[in-house]
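Each chain carries a letter (A, B, C and D) given by its place in the written order, and its residues are counted from 1.
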Amino acid sequence: MESTVKSNLKTEEYFINMGPQHPATHGVLRLILTIDGEIIKNVEPDLGYIHRSIEKMCERDSYQQIVHLTDRMDYLSSHINNEAVCLVVEKALEIEVSDRVKVIRTIIAELTRLASHQLWWGVLGMDIGALTTYFYAFRDREMINDIFEETCGARLTMNYNLPGGLMFDIHPNFVKRTKEFIAHFKTKIPEYDKLLSGNVIFQKRTKGIGILSQEDAISFGATGPVARGSGVSSDIRKIHTYSAYDKVNFNEALSTEGDCFARYSVRIQEMWESLSIIEQLIDNIPEGDIQTPTKAVIKLPKGEYYQRVETARGELGVYVNSTGTKNPYRVKFRSPGLSNLSVINSLAKGSKIGDLVAIMSTIDIVVPDIDR
Amino acid sequence: MSYFSDIYNGIKTLLTGMSVTGHYFVRARKGAITQQYPDNRDTLKMFDRFRGEVIMPHDEVNEHRCTGCQKCEIACPNGSIEIIWDRGIDEVTGKKKKKIDKHIYHLAMCTMCGLCIEACPTDAIVWAQNYENSVYDRTQLTKVLNQPGSKVKAGIED
Amino acid sequence: MSIPLSITKTIHDWLFSIMPESAASITEMVLIATAYLILFAVAGLYLVYLERKVAAWFQLRLGPNRVGPLGLFQTMADALKLVSKELTSTDRIDKLLYNLAPYFVIITSLTALAVFPFSKQFQAFDINIGMFFLIAVSSIGVIGILLGGWSSNNKYALIGAMRSGVQTISYELSVGLSILTMVLLTGSLQLSEIIEIQRTGGWLILQGHVPAIIAFMIFMIAGTAETNRAPFDLVEAESELGAGFHTEYSGMKFAYFFLAEFINMLIIASIAVVLFFGGWLSPFGITEGITWFPEVLWFFIKVLIIILLMMWFRWTFPRLRVDQLLTLEWKYLLPINLVNIVFMAIIIWLNWTI
Amino acid sequence: MTNKEIQNIVSTWSDKLEFSEEESEFLNVIVPQEEVHSICSQLKAHADLKFDYLFCVTGMDWGKELGVIYHLESTTFRHNIVVKVKTEDRENPSWDSVSDIWYTAEYHEMEVYDFFGIKFNNHPNLKRLFLPPEWQGFPLRKDYVDEENMIIK
């Protein structure tokens, strides 16, 4: 929306660093904004502040060790990242994992997705200005962290997956705690809606802001809630089903406007879907052994393998090229964050600084996932 | 006339928002979730699978189960375990056998991934549940897991 | 409330006895000024404490409870910390304006306090254009913010300052107009006069019934915007500009900005109490007869209720964007205000007031 | 559409293409350097193929040759294809960028340039994405040596 007023006063654009240390960029992401007064002319991300060259490390690690590295990529969906690498190795070795492992992996993946969306909701509220949403979201997220801590021993980066199964079985009162959580959280999402989604100031701050068209979403490679906000059905759990997603019926959260509010309502809808998936699985976890025995030193047969998984932020792809030795020849992680971030320039052009903050929180940026 | 209806439901949504926070304000007494950490130190107990720190349990006769087979050192992704072993004569069979001298564990580099415990054939190392691992000097984080003067429990084969 | 009367009387006579006329009145004014300064600095501190406690109760937290019983000395400790902090600043600041800005803000907010009738005798400065003086003084505060933002040579501070300039000027309008609607009812600008009228006819918000309630709502919205708080806190929007115009200030200069914000909140609340809820008058005259009951208590109870409402706004609503803030003012508040004044005038003309 | 049909369509466009399917679960097409842009734009534009979603761009060092692997998928037919481009010369390998066909390629090609040193002609803003601009060498190449921070276990 170019300013219609023909102003002959000499306005000069200047640069602002929404720099590595900035409350709205969650993590060390630097955006170089060219600004004319309050209107943003161009956004150029400067990446690499938290680049640890995970792909180079993978080339010297064994496959179990690669699984542990993916914890630190998108730390909010660390379990789903681990699952991706384990699935690649199991596909290459043609190991068939027992149903019990598949169901447990899916339940914990959905709990991770819920925890990630809760943190996203709390921090989105804080970015837009309502500081109390942060505490309500973290109160609910604390329950999920306790479930993980009890079963896997760690709250966030819980290296619970192994190629061929899980490290150890679920804790006896895992089922009880998850049911308690589901009952508690079902009463809380309507409260989230009342507090933020219904709020007229919030709707004014997000409706019609940062509109991403369907073709742009596909062409920019945006995946996950960012793409589904513009109507692109890209849910890998539905298209290329893996582990126990074929046993549950859930529908894909889609909306069509493609603005910030659409991405917001897609994620809220996804929270409901995750709750219903867990509910369908939690009562009938089949019996079975936790680990199918694999050789201590895993050697993948020669060839290229690709596995796609739906993390909380979008589609994570793991490409492994193995030449038969114990470490892979080349590993590439297709991170959802990088493609989702590439959308930001076309969305934020011509909007204000307040909108840029809203756009960035609805894209849900996690910088270690972008920099790898 | 969307002007007035716009104002009306604007105010209505604002009031519903306020009702949520008001609901919590009124029940402030019992709703607080703050953990007063230094005060609740004695009642605070971690879950039994909590990954605090890797330790090597010794029984009352100061014996542990580590045979020095270095499987954990190979499994560790970031080299935070170093095994110093030396040759020793096995009393029963009388031939040379690998004996553990020092099992060095760098807590500073450990990422709590649990691969070493998974790889250990004789379950010699387990997780401890302590969560207060901060120290004033980095060298204190390099620990020797097997206590001085301890030896392998008889009958442990790798 | 006769005890303080006698104290001020005795001091007054003693001063006039030992000094010539002019010197005595000047020292008396200086004495009253220092008393007000100390009283309202401490009141500001405890408002900060109240804000942190109320925020904690909204957010499932406990709030400060470590320094002193129930954490009462927490803000005192903060003030001491700020006093002892080093006054750092960036190198290429505009020295004069940089140091002048905090004084602008703190002086305007303290002078505005002089006019309020906290109780019958407890009023420093009862001039017959009380309301007009209040509006005039509270609009000088924004110059301090603009100076602070411009002189600290930091792009974020500059944007914050420009936003606050735009915001305060446009919301000055609806504060003035909503006060105008109420002054139509009372007919006088003198604050103690306004309270006298409310003694007999009941509170102004009841006398003016519908237009008064609308004026009260507009005044509350514009008042929160005036003090850069709650949904309008674009000036120091943490997630966009960091700390806005006072990013480069530290130590005592930052304390002035911080304290001024809370005293402004006190001013807006006390204007609302005087204008709408009958100042220090007890509701429905229940404590009219009892002489020993301090009317100041009623004044502060009502002020606290209004401040609680403003805090409730702050911890529930997200922030507005700059252009939405202005459309809210120019397209919604202003037209309603003007219609409201005409509506009030008609009611007074047909004297339908209660 | 099955791999066979895709292969028949694509093989009609140019005769210098090689198809292979072993060692990978998708149909692989090895495209010479100069035809990258034309083949890719046809892949996207063709009515029965419509490969409009480039989901992964992987830089690759096969020991002697450097190259890039483009994983493509069609959001309408949900079929996949893998386009591989190889080059012998390791000094300054370069070919046409596909960022005008798929916008996502802009960032991914910057990353490939950053780690493998493959230049892409008429790329809008080809610079190092993650590493600081004055970094020497291309880390993910097999012949990259860096004494101090590469600990060979």
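Here, a residue touches a chain if its C-beta (ideal position, glycine included) is under 8 Å from a C-beta of that chain, and two chains touch if they have at least 3 such contacts.
Note that the structure is predicted; figures quoted are calculated from it, not measured.
For the remaining chains, with subunit A not counted, the touching-connected groups are B, C | D.
Among the other chains, the CA centroid farthest from that of subunit B is the one of C.
Looking at B-C and A-C side by side, the one with more C-beta contacts is A-C.
One inter-chain figure worth recording: subunit B and subunit C are separated by 53 Å, centre to centre, where each centre is the mean of the chain's CA atoms. Between the CA-based centres of subunit A and subunit C the separation comes to 45 Å, rounded to the whole angstrom. Centroids built from CA atoms put subunit B at 26 Å from subunit A.
Shared interface positions of subunit D, defined as residues touching 2 or more other chains, are 153.
Across the assembly, subunit C contributes 58-61, 315-317 as residues in contact with two or more other chains.
Shown for subunit A are the residues in touch with two or more other chains, namely 132, 135-136, 139, 195-196, 199, 201. Under the contact rule stated at the top, the pairs of chains that touch are A-B, A-C, A-D, B-C. Across the interface of their complex, subunit A is touched by residues 55, 58-61, 155-156, 159, 231, 233-234, 237-242, 315-324 of subunit C.
Touching subunit B in their complex are the following residues of subunit C: 54, 56-62, 312-313, 315-317, 332. Residues 9-10, 13-14, 16-17, 19-21, 24, 33, 46-47, 49-51, 71, 75, 77, 111-115, 118-119, 127 of subunit B touch subunit A in their complex. Listing the residues of subunit A that touch subunit B in their complex gives 61-62, 64-65, 68-69, 71-72, 132, 135-136, 139, 142, 146, 149-154, 157, 159, 162, 167-168, 171, 191, 194-196, 198-201, 203, 296.
Residues 7, 14, 17-18, 20-22, 24-25, 28, 31-34, 36 of subunit B are the ones touching subunit C in the complex.
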